[in-house]
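Below you'll find the structures, each written out as structure tokens.
Two complexes are shown next, each including chain A; its partner changes from chain B in the first to chain C in the second.
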Partner chain A sequence: MTDAVAIPMEEKKKDAVKISQSYWSLVWWKFKRNRLAVVAAFILAGYYITCLIFPEFFAPYSKGLESDYIEARPTYPHFVDAAGSFSLRPFVYGLDEEIDVATRSRKFVVNESVKYPLYFFVEGEPYKLLGLIPAKTHFFGTDPANPDAKVFLLGTDRLGRDQFSRILFGGRISLFIGLFSVAVFLFVGVTLGAASGYYGGATDIVVMRITELLSAFPQEPLFLALGAAVPVSWPSTRVFFMVTILLALIQWGGLARQVRGLVLSGREEQYVLAARSFGASDRRIIFNHLIPATMSHVIVIATLKIPGMILLETALSFLGLGLVPPTVSWGTLLQNANTVRSISAAPWYLFVTPFILFAILAYNLLGDGLRDAMDPYSK
Partner chain B sequence: MVSFLIRRVFYAIIMLILVSFISFLIINLPAGDFMDQKIAELEARGDKSAVARVEDYRVRYGLDKPMLTQYWIWISNFVRGDFGLSFQFERPVKELIGQRLTLSILLSLTTLTITWLIAIPLGVYSAVNQYSIGDQVITTIAFIGIGLPGFLLALLVLYVAIVILNQDVVGLFSREFQDAPWSLAKIWDLLKHLWVPALIGAVTGTAGTIRIMRGNLLDTLGQPFIEAARARGLKSRRVIWKHAVRMAITPLVIILGTEAFPGILAGNILVEVVLGLPTIGPLYINALTTQDMFMAGTVLVLIVFLLLVGNLITDLVLAWIDPRVRLE
Partner chain C sequence: MADNGMVKDKDILLEVKGLKKYFPITGGMMRKVVGYVKAVDDVNFFVREGETLGLVGESGCGKTTAGRAVLRLYEPTDGEVRFKSRALSKSGKPEWVSLRELNKEQLKTVYQDISMIFQDPIGSLNPRMTVYDIITEPLLIHNKIGPSTEEHVIQLLQRVGLRPEHIRRYPHEFSGGQRQRIGIARSLALNPQLIICDEPVSALDVSVQAQTLNLLNDLKEDFNLAYIFVAHDLSVVQHISDRVAVMYVGRIAEMAESIDLYSHPLHPYTEALMSSVPRPNPRLKKQRIIMEGDVADPGNPPPGCLFHPRCRYVQDRCKTEVPELREIKPDHYAACHFAGELDLKGVEMG
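So, the complex of A and B:
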């Protein structure tokens, strides 16, 4: 302890701050140092703000608005026009309908003589923000005074609906499914795992046998079979909740086992014995002492589970076994691209894919960063 | 060892019975009977003999009896190798699966070979040169690869092939070889198509395997026997490949048994559906959508069967390699 003298006062103060930090602030410190994970967190925040909370505002059109532009190609924003003159205000070109004599199909071509400037915060279709506040302003759009002016950033579908707007609205459902099913997954997994570990005996045997049975099934085929079993005649909200619950129910087994293991070892810890000797009830010990001790693990598992849930829903709906139109989700949007014909005729249906991929990747990066951060004492 | 074996086999059989029953229940869940639908359809067409034939199936498979009896009829036939009838195609399930089994096995073997050919050398390189630039590139790519869903990748491949390259990548055969008898030209055509789904399937698998290989090899390289081997003056390459990799590769046995083996039947259903392959995955999805219960049920139970057998074999192999497992 003699070399403690050699450390200058400044350093000591720094160390003191470090030592007196709580576990969670150490986690926060470590997390902040992981650039990729922080970027991922911001990307996800962006997703949730644009897709989950305010898609009505960020989308130029509503998800159901049909137009005469059937399967029209995307109109990308430009700053420099065909003549080479630059304008700070972005614009899109108009679209002309043309009949392809060879294939006898109609298609749209860019007409470079018509320019529609884009404006921010334009008046458009009225909507209710958060389902409550009536509003008309959209984040961007074309001049509301000119009814011919349209902007289809990512093209339109078979009913002339704006694909970009629909992707945002689809994100609302898909992202919400991720959160909601993970919430159910956590509730079932943590409760049963903790009960199994704490009470042991018959509870433990029953719960563990069920998890073993679940793990005997291949996850993807089982989920597809369960999804197919959801009656087609059900209203879309009920199908939505059923799919969400199924997602959680086929996966909770692994979580329950991990929580059980943590609770088993936590049960013998001094502070739990102390609480028990003070006469704390089982409920208090489980909810105030044992479960909080498992939280760091559980948060990481949950974060890494969300992208899997989103993907399973997308896959199920893509195959036509899950959500069905008119429900808009990333999976149902991807259904448009399920034939070779539609991919070659309207490749912009595939624009949903990068949206899904980035969300998945961001979640994986965030989860990985959290996993490292949850163990702040390691180097 | 013998009692361990008996215990595991007994356990697997109990599991199989339970799982097959649950699968049967799930497959039978959809409201409305496929047969009713089929009969209505045939009656509309006025096909009297077909209606009688379908009615005959109903009696033969006990579809008018309670669920337990139905299950019993089905499972006792199943054990004897009669998987029932596909109502959609009106042909035995066994025949339909048999037609596609070869291609499914071929696809999963190719995928596995590609995966390991890429993953093992990269994993070894990554571990031996820990923290080098190469290691960091490999680890990053592997990390991204783990999150990449195969079917979205397949869609992107379709896009590139159709829109940009104007190539035909759908299916496993070109049109002229679809029904042609086997010949060298047909095999060549198959190989030209096979690598696309195999490579897509390999992407996710490779990423995971690289990670496992790297982690295990790093653990092994730190052990005393490696140091001893080096101290005796063995060549570095020999130490790594003969001593360390051999130890570190055992977890791949687990993957082989628990993922690759059951994956023969439906390893990557979604990729197979997107690329329209004549394998078992799309057959399963089709059966689910049309409520072709014996077809769907058979595939599901067979996958579970392979999964259980794979687990059993893995357990035995591991117990044989590592005596500590036997004590549990």
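So, the complex of A and C:
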């Protein structure tokens, strides 16, 4: 008798403790098990912290600082010097300018007798953190008391500017373009797709014909034409936003079609009818029932779209049709490497590539991980 | 018929007159309208306060469409729907309104008085919302969220036989019967007068059906509800309805008190339908009436009485003249030229 009473009591207790798993917590749980995707997420977080938010802090120099070292080779940090003695504090060798007698060109050679030790959190050029907080501390650098000491991890360009610093600052623009243009892309694609699917009729016909037109148009010439149409006299920020919006406006068609399909099937769900039977407005049905149902799909598309946007910007800028110097982006940095002469004389211009490569790779892995995690049919 | 019988009744809550819903059939390249599916064609019925009206018929006869057209979820092609609304009257006393003449805002207000329960217990609950969100959605739509909302939801859950801790769970964690209870709780959230139940038990298994029907019956007493109970299962309808309306191809064939209709049908179609009810008595001789032919196509209906190609008692008049729904006996309406003259068999109520 006592047992019979005790069992339901215990069951009840267990029941109360049990917390329901929402869809998103299940997604998170599945995502965590995909190691590659988690690593990719960390890499991207690193990118965004160093390049997008705090490049002023992580870069030893500002993006415009011109030194006397023109197209100087990279100075790599060492722990063991030429004599074989080890020091825990890394150092870089000094550079000497030399005239090559045969080609009559200037080049820099490593001078192993001069050592500049590297320090963390050194005082350097003043800057404003996040554009607001005045600061002078840089993540690493040489002794500020010695004006001759310089560190060029990835070499310098034609104006003697530090490549490494410029790559970080270029990442700010390129990564931001990826995010911003995908945001515009999502806004346009989801809005028009949802409207097209929900209202149907003339709206649907107009929107779908536009997407067909866009997808039938050869993309590259369209980019070139639109890129060329941006006036040269515009200030760089305006060009930047123009390029961003251009990228989004040409690509929203595919997303709109997919959202339309999802909304079209969602519209016939009984829970939508139920909401209507309680007097729900169109807006409420679209935003509370139909768009949330498309979200898992849309997030994956967006994640896989960001690297595409970054690459497009890079390609356009490399061709000189997107952003132009003095704006620093990964694309404009690659412009330095657009002749055989510059690659043979200063191969370190190509150091931009691995930065782009890893960002794209990380995004693709993250997108794959999200897709697997959000697929309701996977176990 | 509407003019003589129905209006004098004082406790009528909803009155439907000449309701029509035609869906266009389009064809060809230019999507030209080549015809209409007359899903609901000249339907008349009424519901009294605190009463259950069963709406039965074969699949495709337009009973679901009729239910939705009443609420204007499908905009009716023609007809009048009059409803005694509490929510829309300013004086607090129920007031007659014509649903088809209301604007959007007024219609939304009337939706507080009429709610719906759906057939599919899985599809009618948004899988991304918790039970709390689902039940409070009607309240949210009508701006009735307050500090006591959670308590209200818990009370509703307990009333329909669920536990308070279910409030944070998602629909996929419940069985079919429990999900239908969530749907019922949602339909009660705004304290309606009338609930249109669209086949609420046909997706459930038999034992759960009985529980759900009993729950609906109890709630009817507690909240003084009226139901329009759309179903195709005659024994279910018999169990729950005070009155029953039988539909055939978009029209009401017969409408009467449940007992009267089952034991003394006045329409040949009702008789044929009744003979198909399975009876748990092995000694009873099978007397099923096997109907000839197919259900009439609502896109291309036969002339005269829609049932005449299948009727056992067909006469020449039936092939040309459409029978009106008329009151043959007090509160017993039938749409047959020879209603009352034929000797039709019903079923004994068990």
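Criterion: the second predicted complex is superposed on the first by the 358 of 379 C-alpha atoms of A that agree within 3 Å, B and C clash if a C-alpha of one lies under 4 Å from a C-alpha of the other, contacts with A are read in each partner's own complex, and residues count from 1 in each chain.
The rule we apply is simple: a residue touches a chain if its C-beta (ideal position, glycine included) is under 8 Å from a C-beta of that chain, and two chains touch if they have at least 3 such contacts.
Bear in mind the structure is a predicted one, so any value in this text is a computation, not a measurement.
Asks: Sharing chain A, do chain B and chain C clash or fit in the superposition?
Replies: fit
Asks: Would you sort A:V110 into first (chain B), second (chain C), both or neither based on which partner it touches?
Replies: neither
Asks: Is it chain B or chain C that touches the larger share of residues in chain A?
Replies: In the superposed model, B touches more residues of chain A.
Asks: Which partner does A:V340 reach: the first (chain B), the second (chain C), both, or neither?
Replies: first
Asks: Touch check for A:F318: first (chain B), second (chain C), both, or neither?
Replies: After superposing on A, A:F318 lies in contact with chain B but is clear of chain C.
Asks: Scan A:L357 for contacts with chain B and chain C and give back first, second, both or neither.
Replies: In the superposition, A:L357 contacts chain B only.
Asks: Determine, under the contact definition given at the top, whether A:I245 touches first (chain B), second (chain C), both, or neither.
Replies: A:I245: touches no partner chain.
Asks: Using the superposition on chain A described above, determine whether A:L52 touches chain B (first), chain C (second), both, or neither.
Replies: After superposing on A, A:L52 lies clear of both chain B and chain C.
Asks: Based on the superposed arrangement, let me know which partner A:V38 touches: chain B (first), chain C (second), both, or neither?
Replies: The answer is neither, since A:V38 touches no partner chain.
Asks: When the two structures are overlaid on chain A, which partner does A:A293 contact: first (chain B), second (chain C), both, or neither?
Replies: The answer is second: A:A293 touches chain C but not chain B.
Asks: Rounded to the nearest angstrom, what is the minimum C-alpha distance from chain B to chain C in the superposition?
Replies: 11
Asks: From the superposed pair, tell me which chain A residues show up as contacts to chain B and also as contacts to chain C.
Replies: Dual-contact residues (chain A): none.
Asks: Please output the residues of chain A touching chain C within their complex, sorted ascending.
Replies: Per the touch definition, chain A meets chain C at residues 15-16, 19-23, 269-271, 273-281, 284, 289, 292-293.
Asks: Could you list, by residue number, the parts of chain C that touch chain A in their complex?
Replies: Answer in residue numbers: 68, 71, 73, 107-109, 111-112, 115-116, 118-120, 123-128, 130, 137-138, 141-142, 163, 165, 168-170, 173, 183, 186, 190.
Asks: Inside the complex, what are the residues of chain A that reach chain B?
Replies: Answer in residue numbers: 212-213, 216-218, 220-222, 224-226, 228-229, 231, 233, 307, 311, 315, 318-321, 334, 337-338, 340, 343-344, 347, 350, 353, 356-357, 360-361, 363-364, 368.
Asks: Any idea which chain B residues touch chain A in the complex?
Replies: Chain B reaches chain A through residues 15, 18-19, 22-23, 26-27, 29-31, 143-144, 146-149, 151-152, 155-156, 158-159, 162-163, 170, 262, 266, 269-270, 273-274, 276, 284-285, 288-289, 291, 296, 299-300, 303-304, 307-308.
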